[in-house]
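One structure follows; several queries about it will come next.
Each chain carries a letter (A, B, C, D, E and F) given by its place in the written order, and its residues are counted from 1.
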Amino acid sequence: MKTRFISQLRPGDSLAEQFVLTEKTMAHKKDGNSYLNLVLSDRTGRIDAVVWDNVDQIASQTESGQVVVVRGQVGSYRGKHQMVVKEMTAVSAQEINPTDFLPATERDTDQMFERLKKLSESLQQDHLRDLFGAFWSDEAFVTRFKRAPAAKKMHHAYIGGLLEHTLSMAVLADKISEHYSGIDRDLLISGVLLHDIGKLREYTYDVAIDYSDEGRLVSHIAIGIQMTEDKIKTISGFPEETAMLLKHMIISHHGSRELGSPEPPKTIEAVMLNCIDEMDSRVQAIRDFMTKEDPGEMWTSYHRLLERHFYRGRPAR
Amino acid sequence: MKTRFISQLRPGDSLAEQFVLTEKTMAHKKDGNSYLNLVLSDRTGRIDAVVWDNVDQIASQTESGQVVVVRGQVGSYRGKHQMVVKEMTAVSAQEINPTDFLPATERDTDQMFERLKKLSESLQQDHLRDLFGAFWSDEAFVTRFKRAPAAKKMHHAYIGGLLEHTLSMAVLADKISEHYSGIDRDLLISGVLLHDIGKLREYTYDVAIDYSDEGRLVSHIAIGIQMTEDKIKTISGFPEETAMLLKHMIISHHGSRELGSPEPPKTIEAVMLNCIDEMDSRVQAIRDFMTKEDPGEMWTSYHRLLERHFYRGRPAR
Amino acid sequence: MKTRFISQLRPGDSLAEQFVLTEKTMAHKKDGNSYLNLVLSDRTGRIDAVVWDNVDQIASQTESGQVVVVRGQVGSYRGKHQMVVKEMTAVSAQEINPTDFLPATERDTDQMFERLKKLSESLQQDHLRDLFGAFWSDEAFVTRFKRAPAAKKMHHAYIGGLLEHTLSMAVLADKISEHYSGIDRDLLISGVLLHDIGKLREYTYDVAIDYSDEGRLVSHIAIGIQMTEDKIKTISGFPEETAMLLKHMIISHHGSRELGSPEPPKTIEAVMLNCIDEMDSRVQAIRDFMTKEDPGEMWTSYHRLLERHFYRGRPAR
Amino acid sequence: MKTRFISQLRPGDSLAEQFVLTEKTMAHKKDGNSYLNLVLSDRTGRIDAVVWDNVDQIASQTESGQVVVVRGQVGSYRGKHQMVVKEMTAVSAQEINPTDFLPATERDTDQMFERLKKLSESLQQDHLRDLFGAFWSDEAFVTRFKRAPAAKKMHHAYIGGLLEHTLSMAVLADKISEHYSGIDRDLLISGVLLHDIGKLREYTYDVAIDYSDEGRLVSHIAIGIQMTEDKIKTISGFPEETAMLLKHMIISHHGSRELGSPEPPKTIEAVMLNCIDEMDSRVQAIRDFMTKEDPGEMWTSYHRLLERHFYRGRPAR
Amino acid sequence: MKTRFISQLRPGDSLAEQFVLTEKTMAHKKDGNSYLNLVLSDRTGRIDAVVWDNVDQIASQTESGQVVVVRGQVGSYRGKHQMVVKEMTAVSAQEINPTDFLPATERDTDQMFERLKKLSESLQQDHLRDLFGAFWSDEAFVTRFKRAPAAKKMHHAYIGGLLEHTLSMAVLADKISEHYSGIDRDLLISGVLLHDIGKLREYTYDVAIDYSDEGRLVSHIAIGIQMTEDKIKTISGFPEETAMLLKHMIISHHGSRELGSPEPPKTIEAVMLNCIDEMDSRVQAIRDFMTKEDPGEMWTSYHRLLERHFYRGRPAR
Amino acid sequence: MKTRFISQLRPGDSLAEQFVLTEKTMAHKKDGNSYLNLVLSDRTGRIDAVVWDNVDQIASQTESGQVVVVRGQVGSYRGKHQMVVKEMTAVSAQEINPTDFLPATERDTDQMFERLKKLSESLQQDHLRDLFGAFWSDEAFVTRFKRAPAAKKMHHAYIGGLLEHTLSMAVLADKISEHYSGIDRDLLISGVLLHDIGKLREYTYDVAIDYSDEGRLVSHIAIGIQMTEDKIKTISGFPEETAMLLKHMIISHHGSRELGSPEPPKTIEAVMLNCIDEMDSRVQAIRDFMTKEDPGEMWTSYHRLLERHFYRGRPAR
């Protein structure tokens, strides 16, 4: 359990604390002796570190990717903080609290989940309510569903982000399905709930958010199709057409081939799912980005993926 | 005033009715005598017609684009209806009821306008309320605003379509601005109200919907900027930043250069305006399209602009 | 069972023969009486037809898409053959020989299948041999696998086309895996065998080749993933990594997002599968196209999808 | 030698005149007898024609693509002119005046050529003057250079069009090379003269403008490179760098890969050549297009390649 | 007023000089004491600097973006010049000569402006001459018009660049309008003069060239439309069609949507304006780029925006 | 002749060895004295180096791009090897063994060439055999053909790479031409042999692989066309159509305009050449890339040109 985080460290601090050992590289001084360059991280950021003594022993006992306990002192090098490390040893899994190392949603995960569950219980079609009942009673699924991020970098890129994103979309879908006549609310909300469940397996999110092998090779779209198919098979008499339409919503939710969907949305509900997903992702991505930027500036720095600066306006605004 | 419409005509009908003379071409029979091929239209569709007698007189008294009174009889040629025209004369402007010739919204225009007005009165910022007050008290503006279509072909392509589209977006914007924290509701709703006003001058919509010269040469985006600027100048003390942000929402509402916006959305409200516009346009475009298609088919025909067939599902659905 | 085909018909011929009733439209003569315009087809082409008598009875007894028996006489209208139909009645399923109506591979389906089977038995990994054993002993699968086309229009667009395409690719893959060192032959050949199996359900191919609802909504890529996953579950101890790599080959075989693959090929075998698929499809598409063209011309007509004319060279060549 | 052209024909005219037999198709009447549908053309347009009598004889004596003498009478069919042909025989090459069948520049070809020659004589570098001397004294080259079109459809698509386009560009290049300092006028003007000479072989333009086999297979860019290289080899001591820069201008003159240049312009003169070419082609393409359109309309019809309507303005303008 | 510029500084120099304080970052030495890393700039370039003493006082008295007076000594660090700063204080606006800090055109601004004015007086249409008369007598406009750059980075990115670019284009337009018949010279030259005037407000260019808020949010195209509209309103009887055509030239001058024009050029003069703009921008961009490159090299370094190396040729050339 | 290579150097080593002097930059210490920063390279990699003494003399005697003999000692700076250079002098051409400085194919060049020659002798058409006879008896050609790389960076980017790539393709073409019926084996294999010969002049590859001026300005496609044309001219009676088809294969072998071919493949053999080229280039590019990567990792680093990570799988695989 951590008590001090990287964002709080100041030159002069002495500490013994857990970090993720993000990078570890052996280097050589002019006199031929070796030393270690490290990058340590936790959920608040990263810090450079060096090991001058006991280099070989420390190098052999630890591996990059692990959580380690580090004893050392914070200094400064070229205008940046740098830790000089005296001791560093790996930490066993039980001693680790993953939320120390990964940013997490600020909202209550259980409350969000309960709201989502209630929405699923409001569906009119028995088979759909049964389908989500089957998901919610699958403990392994629920545990991962509450933890999974919605992305590695872009939006909701934190523990609980997928749940937060799914709930936000579901509430919007509920409102919008009333706004337009002729929308199949059951279908739209079910599509929202299922569209990204493949992300439970597309990412790893124990002490860092990254793609899993399966995520990189098979994509969350195909994983989601399989997860949905598997659960549908457990519901007897599930209508074939509904199954097909749900899978269509998963496969088409990116909107076009260029964005990763082999088929574009071909029902009005699939079109709406795509629009709601895009709005929620973009709004949240921009808000996440603005939050991290210098609050004194009217314009954000350049957003590489969205390819523009954003305007935050005069301070008084 | 029309009593019978093209969709109601059957072979054998005799009639004397107003139509738009959409096309008029002189042709020649094998014996060298000339005749006229016509296309007539009203808000329910088009019909082919021929003039065999009094050809020169009829040809010289009418011009394509005009509304004409036609006396004749409906027959059939190559499996399609065809009218044989005996007399055809131009109609003076006073005798014309434009709604006979152009499809119109099925909703009550005045009621829609009142709802929009009320939304504009709910804005918190005085200057914005004053701005819309100035628009609503400009009679020429309001008259056109209630009639303008939102497009020539794609979505809301009928009299009153712009008002219908704007109101639908404003109601959605209102709902969504509550859903997310940190949204400037005043700005978002004002942007929705203004984003397409350039369409009042981009189209002509007297007896047919078409682009105006100004629309083709200057685009509704630039026209809208000028109309907004002109009205803002009449409001003393209108904040410069707000003026700039409103114009930004107009110029960026298509979302990207490829889609016709010289600048992409750079505020969170402009991003949301673009998302809401896209959703409302697409949902309505697809519903308009599905309505026109054969209700017995599970799939629509190919939609050229959206490049796909849409699925309407099993009849029982 | 048909004895005469559309390509053999000549003006003056009388006949009573089966055709697919591809189109059926009611039309009206000048005198107000109705008649029927038809399009009839079989595996050799299409012919226009008209029904002048007993129109209502004939119209009510048949549906477009059905196979019908037609009695009538071949004439000529505007320079094209036209059949005047006297009688037309629907045909029951047992009387139909589907190969009369759909073009089919010219090669022996059973021989092709045996060769493919042998190739699958040459794989070194037990689990893969078991997997294909499971497919080959699934009769419903094999029946469809021997009949499915590889496309609706482009290449191998005929009964047995998928098998022909898969075998051609597998033989090439076998040769090429020897050419390069370090290729996992088992993986490459298995990927070839599985990459398009989703097409068994993407198309319907009873008396016409068209997309199925599932094909249009879910795509052969996602269907193929599910079919593979389902079979793999029946093989105990099937290695997880191999399963993932097979599914990767299915999902990536179009090469890029623009071409419909959510993930690009990320193993050397997936890259090769994509190359071999592209070569075999293109070579066959061009040969199919050249075959249909006028043999006296040095250049083919314009190929719309490949966007060019092809050169066939001087006759003597 | 023709005396009457298609644009002058009126129903009732009898004539015996040369035309290009552009299309010839055998057709059948209801009674089983055959007739011929023809399309005839000359430099003023096209006309449909039919042969009712002596069909077999006429069909066997003529081939599409040939110039024929036709005796017949002009009538009208479905509102379009149609010629009923009594006799039609092929014409020998000596009797043909190609300018009867292909549209040609309205300017004096010899005068244009002399002006171009003079410009080439104004170059400062001896080797370049020698190079063009070699071209101008190659009679086969000059004959074709004076006749070649600059395109099949787009701009300057008529006999002498390439010369007209090249001269217009050369005069512009001369003016512009004075406007900017630091431009190598010799290089720029030489590049203009050579950039399109591959078109002499890319097109055939005897009685119709079409692509040659070599044009379709090798492209005017590669042909132009070879023609330039061949001539340079005849000039002793021609500087290697200059040769390379001239070939660069030929290969890069379309400006980018997407437009057909394997390399983009990499010298300031090549950049200017590309700009001047684009301006001259577009201005002329739009003027050619406007000329053909209805002078009473303020807007042209839709230009498919340039993807827009053009505005010609109020008549009084 | 500056006497020494960054490009002239050498290690060992002592100086007290004005610079723009482009960057200012607080840093910490290993002993915990703080120091300042600076970047200073003037119109000849940039230099790194450090402050070791009086750090807090100096940091609090100055802000990045300001012009400051710096007292210090030039040294060298890691092979680059570095200034050690002893004192640094902000400078009041009156003491600043902006041309010290921003690169400027090498040509005489007043002479260029007079030439442009004369061209505008040569227009035939009274209303157009009046329009430009109104612009030239608007002092605030003229002051900014003489100073504005044409771009931030690409071409004419210096004080007076817009005037230089506009004049160059106007002279070219004058020449080219003679070259082609049927060009409306008045319209073309007026379009050239107006096409970029929105850049007066799109950029800020006091001591650095950057985008203004209005520039980023509204774009120079929409600003230019408003500036033109505002001036036209002051000319009584200005023809509506001419106003529309001028605005069309502004809005379409980038040539296509992808390049930022909501409408493509739809008159022959708008097409020519786009061509001339492209030629002048590219030629100047490449010349600016070549000038900055090592004169001893035959090839320039890679140009990121134009995506190529440029060839400057053998030295003797 | 080198005895030690950069990949073998360790801190503490003293040596006197040849290297390519890749970069040379003068720098200044704080005391005002100058020193040299160098980058040295050989076929195994690059090393940084510094010269502290005799700086001016050493700087004036050597030029970047040259091969030099260096005397010095290996140390370490910031965790990377760095050589401190005592003496450095240029080396005359005779003393240089180019294979010391450029990576080369691991296969026997002469054996590969013999295999290729035999393949060319297996062609059935006399004129084609004669053409390759002419190439093989052109010693300057053969010398360069055995040395040329196939690319600067992507695939086969080493001495002998072009020969290796050409041979691999030719063997594949041979196999594949048997697989499909109706392929002109002579044409396909000849096209393979010729398609990249322009690379002999597109690159320079004495002590470093780079583009030649001609390569950058004229492209290997146009160079290859000229080389082929020149050789064909020496074969009397070479069929024109064959010449045209060979040149077509050279010009179209990149497959599309976007990839640098002015014309796409328009014969079945040209289509196959393009497919085989793509497969061989990609397979080899990925294998080259995987080889350089850390063998302990399951995924490669990001491949910038192919825009993905590649999966190498579990170690045991």
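In the analysis below, a residue touches a chain if its C-beta (ideal position, glycine included) is under 8 Å from a C-beta of that chain, and two chains touch if they have at least 3 such contacts.
None of these values were measured; they are calculated from a predicted model.
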| item | value |
| --- | --- |
| Distance-maximising chain from subunit F - centres being C-alpha averages | B |
| Equivalent interface positions on subunit A and subunit E, same or different at half | different |
| Of B-D and A-B, whichever chain pair has more C-beta contact pairs | A-B |
| Whole-Å gap separating subunit D and subunit E, where each centre is the average of the chain's CA atoms | 44 |
| Chain centre separation in whole Å, for subunit D relative to subunit A (CA means) | 61 |
| For subunit D, residues that touch 2 or more chains besides their own | 213, 216-217, 241, 245, 248, 266, 309, 311 |
| Pairwise chain contacts, counting only pairs that touch as defined | A-B, A-C, A-E, A-F, B-C, B-D, B-E, C-D, C-F, D-E, D-F, E-F |
| Contact set on subunit A toward subunit F in their complex | 25, 27-30, 32, 37, 213, 216-217 |
| Touching residues (chain side subunit C, partner subunit D) in the complex | 11-12, 75-80, 298-299, 309, 311 |
| Footprint of subunit C on subunit F - complex, ascending | 168, 171-172, 175-176, 179-180, 182, 241, 245, 248, 264, 266-268, 271-272, 275-276, 278-279, 282-283, 286-287, 290, 306-311, 313-314, 317 |
| Contacting residues of subunit D [partner subunit F, same complex] | 213-214, 216-219, 221-222, 225-226, 229, 241, 244-245, 247-248, 251, 257-263, 266 |
